[in-house]
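Okay, so subunit A shows up in both of these, paired with subunit B first and subunit C after.
And now, the complex of A and B:
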């Protein structure tokens, strides 16, 4: 009986890898049902006059009023734009540096302490320093977000390159591939590792984007949350929390979709 | 004998080849003063127990490891990776690119180097030679082990190399697939007439495929025995393998192997 279920399960996992659009879009929405139920309970049993725990219907009213002021979409757009630009830059830099470090035999491990130091620097502590050097602007937010999200991509790329089979590198050399061709074959083979790094980096980048907006008050969802909190507008704070949550969910599903569409060619055993 | 061979019939001229490899800070002599020739269009089998350095020898012939002594390929000293020499690895899973289709894997060594139409022609020819025309657009991980090894052979053939170096290519396949691929290899050789160096620890395979056989043994490894195998070009799994000649060659190699290996077993 247990064996039976285990088998069915593994078959289902395989199937979903190959046919990624096979009802996959519905599953996360079904998974959100408990949250919806919780909000419903809150709505029904909550205190309509509560200052700290406003009922969800007041959240939606708050969102709507933001929308009418023209603040909602422009803020989401600003946050999304910082996030997307940083992810692109972080992916390019992380992949390039990770490949370089993975290819240098002696440097790969020797630089570990430095990399550990840099990647553990808290983003919040970097914001003041970056603000002094670059000023409080979008460029500075980009630098902070890139700096904190580049590490998972860099380190995963490096270890993917280091773990490439020596047989692969011998056969690339033997076939006479050098320069650009060699790199493109290496990137292709390291792609599962690189994308794993991107998947880890994406939520981190979103967090740091919001954090940079909190601290610097640059336009964006983070700044809206900060001003709602400073105005003791608790319904708006909760509403924006929900917006941030939805943003994170969207980011996650986009990254997963990209990963699935790229990696279906790599076959079932790599993940 | 060597005086009778014309210079342009010699593909490899190996004189006093030694290879030292450094592993964990320790330098170890893997191969010690090997001298031999590889002749045009022949298939030279090199047989020896596992761990003797057969793969290292093949890598030296491909110009992938530093060596001392002299290795001349078509009369020129080999420095660095040799072109026109293609290795076929035992580990087909890692030698192929799992994210490329069969066709794209076969194209790997020639794409962008020769005109597109010519490239496609060579790919088609190579794929048809190994009988994978129905699997052009499959990914390697969708194929069986034997078929994946065929893809690797097709990739090598598409390069139109002067020499094919086989590193225990059928070592990880089941007996039935292995025999099928051995015959395939004989057939491919009769069509392409490519010079082959074939490494294996399977004596039957070495005798069946080789026109000549060398035994590599000891530590550091040296060549201890050489044998001509004039069984002709058309060989057959059943008839050839039960012929008296085949069994005679097989017997000799086993005896020599035992002699070489028995000594080291007594000490170890």
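And now, the complex of A and C:
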């Protein structure tokens, strides 16, 4: 994986010298215009009584009425609390297990079939099972969210440890570092991998949190969506889609900010 | 790391066996006590019952075929959109931010929108799964096309290849590894979203069987179906990788990297 990243980088550098078209890059905000235009057309030409496609102004009215009922912020808070707790637990467990599996010399890779199977289990299928075994409560939501978002962190940490530079590993051995100091050196150098895992895991954790609330009717944004759907309140369904979208955006920017600040503090990492 | 292949395969079998053994033991000895947590033996028995009654086959066949139909639709649309947007710089600038917004909407919040529009129908399952599965292919095709090396494009110009020839001989092959990754992610998402719409209300398939088993308080059957979903996902992924290898051996290692 390291090799591949290095390759893409060199390709990008060569290309940016050649032509300022670097494949990735941040999309310019002008690109939001088609979406804005679509919403505008929807608003102006939409049918004010449509059940399937309520106009955007009705979405905002629906958000406002949820807010007045006192449902909006309490639900967002419940969802955010489950999400944050699960991310913390998943990061701790994922890092610890990833480091352990990465350090096992005798074929840590041989566990791949089992790990592959577990991480590909659709979280949606696990929700009803967890509900029947653990009962419908916040703890069960935590278990499900952690279970489904731990894998990216675990696997990225493991591959970061497996790809530690040989110089570093032999320095650790030669200096006779052990226990705590050894693991802190290893965590430091695996940090980019761990953060990559967190970046992949965060949106997943948000989706599974919403899913668990949606399927089991636990308090949160997911449960609001469920009741809006069951009441055929389509304006509210679209409104909550918007809320969920904003939540995803916030999660994304927080993760980027954490990533930037941590990697900055640790100096430029050469992966 | 340097474990011989046969030995690795052996360890690969041993770990799950130990896990299942511990699961059985800890329930039998009363170490874990949950009212509805079945033993592996109970799950195996439920699996056998479901297989004999033909229910297992019927539900699995439904879910797998919906997954595949939705995935094919998503792949065709995804590659087409990706090529068009990736090939034109002005178009990319003009729409990419909208694509980013649409693809980062939590898909689960879109399911109820689908339910409002389509009701609990087969259409709902296919549309939702295809919508979710399309984005990884769109995004990966776009970055694949845009990462085509400038030298390669220069070669195309030098040889005076037509646009179609450049696309077919240079751009498409060089972006294929990334496209394959997108297709593989899409396949997984298609299965997940198919199961989600079945759990939420479409009265067919594995997801629906799971919910029926929950309501009938049959934990054995539930876990049997979870096992089946897991196996289906594992096998679809495996078959995809095998076919990718079969069609382009040199791409396999790169396609598997992510």
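Going forward, the second predicted complex is superposed on the first by the 226 of 271 C-alpha atoms of A that agree within 3 Å, B and C clash if a C-alpha of one lies under 4 Å from a C-alpha of the other, contacts with A are read in each partner's own complex, and residues count from 1 in each chain.
Basically, a contact is a pair of C-beta atoms (placed from the backbone, for glycine too) under 8 Å apart; a residue touches a chain by one contact, two chains touch by 3 or more.
Quantities reported herein were computed from a predicted structural model and do not represent experimental measurements.
Annotation for subunit A, partner touching more residues between subunit B and subunit C: C.
Once the two complexes are laid over each other on the shared chain, residue contacts for A:113 go to subunit C alone; subunit B is not touched. Contacts of A:181 after superposition on the shared chain: subunit B is touched, whereas subunit C is not. Of the two partner chains placed by the overlay, only subunit C lies in contact with A:162; subunit B stays clear of it.
When both complexes are overlaid on chain A, the residue A:238 reaches subunit C alone and has no touch with subunit B. Look at A:189: by the touch rule set out above, it reaches subunit B but stays clear of subunit C.
Residue contacts after overlaying the shared chain place A:50 against neither subunit B nor subunit C.
Contact residues of subunit C toward subunit A in the complex are 1, 3, 7-12, 15-16, 19, 34-37, 89, 92-102, 104-113, 115-117, 143, 146-147, 149-151, 188, 191-192, 195-196, 199-200, 206-207, 210-211, 214, 217, 219, 222-223, 225-226, 229-231, 233-234, 237, 254, 257-258. Chain contact summary for the complex, subunit A toward subunit B: residues 165, 167-168, 170-171, 173-177, 181, 185, 188-189, 191, 265-270. Across the interface of their complex, subunit A is touched by residues 59, 62, 64, 81, 83, 85-87, 89, 91, 94-95, 97-100, 108-109, 112, 139-142, 155, 159 of subunit B.
Subunit A contributes residues 1, 4, 8, 11-12, 14-15, 18-19, 21-24, 27-35, 51-52, 105-114, 116-118, 120-129, 131-134, 162, 203, 206-207, 210-211, 214-215, 222, 225-226, 228-229, 232, 234, 237-238, 240-241, 244-245, 247-249, 252 to its touches with subunit C in the complex.
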